[in-house]
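Pasting the structures in now, so scroll down.
In what comes next, chain A is part of two complexes: it sits with chain B in the first one and with chain C in the second one.
Right after this comes the complex of A and B.
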């Protein structure tokens, strides 16, 4: 039994370390961006436009990942872009999680009219194409970091509400919940003390997934030029620029894309790994 | 009787959902700062000109009155007139719908083929490194959304090994008169396979980007169901009869294992269609989603309303059809 479990644990551990490591690296890059970045991410130098990365012929020393069409340093822009990505992931992800999971918990545990109202809202939300909804909201709220965070919360709370509602429904029907109430707990405290701990692994997994999704939503909004003002570098904005000049300077597209790819992958793997760790049944 | 009652309940909730979508989009886009009418007119326009145009589009009335007028029109098939393109919204939207539907259907077919192949491979070579490879591939494919796959594909097949077109639905050089907007189906029916090839080379990458995450979901779920089915007695019986492993999996286990996957595909198909919005933008594909983004940027309120309602209608109809299909395919539910 012990051996079998050790065997299961190992790949999970590796996955957690790799994905957690990348996120930690990114967080450090975001915090210390002005200190680490070799150049000013906004500094333009038209004589240094579209310089290739360091291993290619014609590379400019000091510009490790090359420059974009305006001569801005790609590496510095990626490091500074990590700030926006991390803020969006943490703030939007967490608030979305708290709101969505609370509504789901209430709908699933209290049922009745709370469930009817919340489920109907979820149905309506599911009939919107999410990207279109996000773009619409940004058009209403105006571009900016705050608008993006609000848009993500407004669009994605249903992701949590749907799943947690279903989990709370199953948990609520179990004997241990009935016995907690027989023992004199109020419904509200039963929900917090009995149901919540049991749906927590799912909440955590969904939360890290949502952080990855938030980063993507920001990138998509930057891509359609509706995100943050052009003077703060974002990965999505870099990708949009790289997409138009992909035949002349592929590195402007590739490096921010790799950063985005690894970040989204890490968040989802982190979620899977943490879910297994937190799961009371697996533990 | 109960079946009829269930259908009626479903239809009424569908109507409530559509009404909710209409109310939300109607109110939200009217909070947008910036007067859409003022943007239409040349800079020298007087306040009188603006007021006259506002009256023409009905923007001088209260939101509630505007909603009633718009709602009455919609029920008669009149979705108003686009501000930026100055054509009836219904014509514009229905003109673009076939492009988006074709893209979504090509993507769905790709996802089913890819996901099915992966699931069968994982089942045929179970407990080997091949199965582990299938699991890892599906897990990766699932974690990355369509937008990123689209960009990766542009790099692979647009730049590194440029064999597919990275933008548009057709090249301007194509010399072929389409009678309908269903280009692909029309070309198929007219047996013009050169045109079919041309169209597919354009939709290949956007469709594949949409298909990859769904293929991963299909692979995972179908493989799981197959695994459970493979332990059932009738499968063992087929095996003792001497059928090959391929025959046992595809002919005996697959028909019984496929139902949960089919239901899931229905729900996921609406997510896939939602993904076309950004994928069409990425590949400059002239579909509904691309038009929607332009409509938002141009503050074209009637067009935005029309497109959102059409998407919502599409999603709810697909969900309804999937539920009905499920009842038809699952004999246990037919008399329930």
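Right after this comes the complex of A and C.
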């Protein structure tokens, strides 16, 4: 009898608090951006160009993180940029995950010709250089939020397909699959009811990782000016603008970079933390 | 007759020797097995590793499709029945697996593991039946809320047995179910399995490589060697007067208590 196990309560780790906290903060900022942002992110004021952040000499009150060369408020732009980052992370991440994980699950579980077709497709797909692929795609589709989301899905579904296929192969060889057949479960129902719950922790970990990657890809595309229109506040766009004046106004580059860094880190840590906390097998 | 098996043949592709082009050569695992299994028998299937005993068992449950021959279960020919047609019958022949860590889905609680197959077959009073099954294998009902990894090896194997008997099958295949357990759990599991078989009037096929385990439980024994039956006899007869050389070899491999041992 191991009743003591029930007594052991895992505290929600610091990792989960910090990463979840940052993501929640960002989500709130994204939803209420027009209410929170102290200034219009697009409003230019050339007399207030390159104002430093609040703790430095010569800071303009009300512009907490300074202004860029056109006098736009950096904090407001970061808050509005969070909107695009969050939409891309959630929508692109989720769709990529659903498509890639379903194909991987089918390839790994059904094996045979389904596996051959899907695996070859993944191999061929992965031979294209991803960033070039994305740039090409957006050049064809035209810039815009939809194009970015489609580009991310097209580039990254293979990651899910690969990993989940391997996982489903391992799980498919377990006796509980034979046992489901003995019990009279259909093949399809076995895949959904027996295999899927066992690959789900991996899917969740990959999904949060993918959300971080989606934010990075969006930033890269903004950086090379292939994202939303140049005016729209995106973190990548801000980094690109900040780069040109990094010696005069480092804050234009550094603050969006920090936001980007914390977001990507938080997404990946959130995945690991959730897995530790909610996986009954690990507990 | 529970099972009538005639000239059963089964082979696997040998992928290690597959030529670059063309089909892989096939390795014959079962080379014409024939035997009858009367209702209420506890049959031991014994043989070394690679003798085909697990393959025979899995073919009897139609987890594998035979190449030739026939399998009749309670009068019905199931040799080439497709999975959809078999599904309705599957409740009647169940299996207990060797490694419960692998055969119990780690993400289901014990209660769900036992209830799942019953729900698939639309049985009534599932909750009451789960409790009853746990009682029959001697596990407290509170275990229904536990995950398999929270149990010991012997307890896990009891869950596997509970899952099989809860469906009220006519036939159970037990594939090396005690080989992963320590000696005292082995004895416990064998004892209550023997009782269950008697109480429920089950027909049991018990696969093992260990003749001393077979001797405790089985009324009749099938000795398999390289895909063929080398001897089929009642248990007492097999132990008193083994006919095949291979059986004698297996018998001599049973360690017997030695009255002259020095290290006691």
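A few comments on the model shown:
Throughout what follows, the second predicted complex is superposed on the first by the 269 of 283 C-alpha atoms of A that agree within 3 Å, B and C clash if a C-alpha of one lies under 4 Å from a C-alpha of the other, contacts with A are read in each partner's own complex, and residues count from 1 in each chain.
As a working rule, contacts are C-beta pairs under 8 Å (C-beta built on N, C-alpha and C of every residue); 3 or more make two chains touch, one makes a residue touch a chain.
Note that the coordinates shown come from a computational prediction; the quantities given were computed from them, not determined experimentally.
Within the superposed three-chain model, A:120 lies in touch with chain B and out of touch with chain C [touch as defined at top].
Shared-chain residue A:90: touches no atom of chain B or chain C.
Residue contacts after overlaying the shared chain place A:166 against neither chain B nor chain C. Number of chain A residues touched is higher for B, counting chain B against chain C. In the superposed pair of complexes, A:262 makes contact with neither chain B nor chain C.
By the touch criterion defined above, A:128 lies against chain B but remains apart from chain C after alignment on the C-alpha atoms of chain A.
In the superposition on chain A, A:176 contacts chain C only, with no contact to chain B.
After overlaying the two complexes on the shared chain, residue contacts for A:185 are found with chain C alone; chain B is out of touch. If you check the complex, the residues on chain C that touch chain A are 58, 61, 63, 83, 86-88, 90-91, 93-95, 97-99, 102-108, 116-117, 120-121, 147, 149-150, 152, 163, 167.
Against chain C, in their complex, chain A makes its touches with residues 2, 5, 174-176, 178-179, 181-187, 194, 197-198, 280-281.
Residues of chain A that touch chain B in their complex: 120-121, 123-124, 126-132, 135-137, 139-140, 142, 212-213, 216, 219-220, 223-224, 226, 239, 243, 246-247, 250, 253-254, 257, 260-261, 264-265, 268-269, 272.
Put simply, chain B touches chain A in their complex at residues 13, 16-18, 20-21, 24-25, 28-29, 31-33, 139-140, 142-145, 147-148, 151-152, 154-155, 158-159, 270, 273-278, 281-282, 289, 292-293, 296-297, 299, 304, 307-308, 311-312, 315-316.
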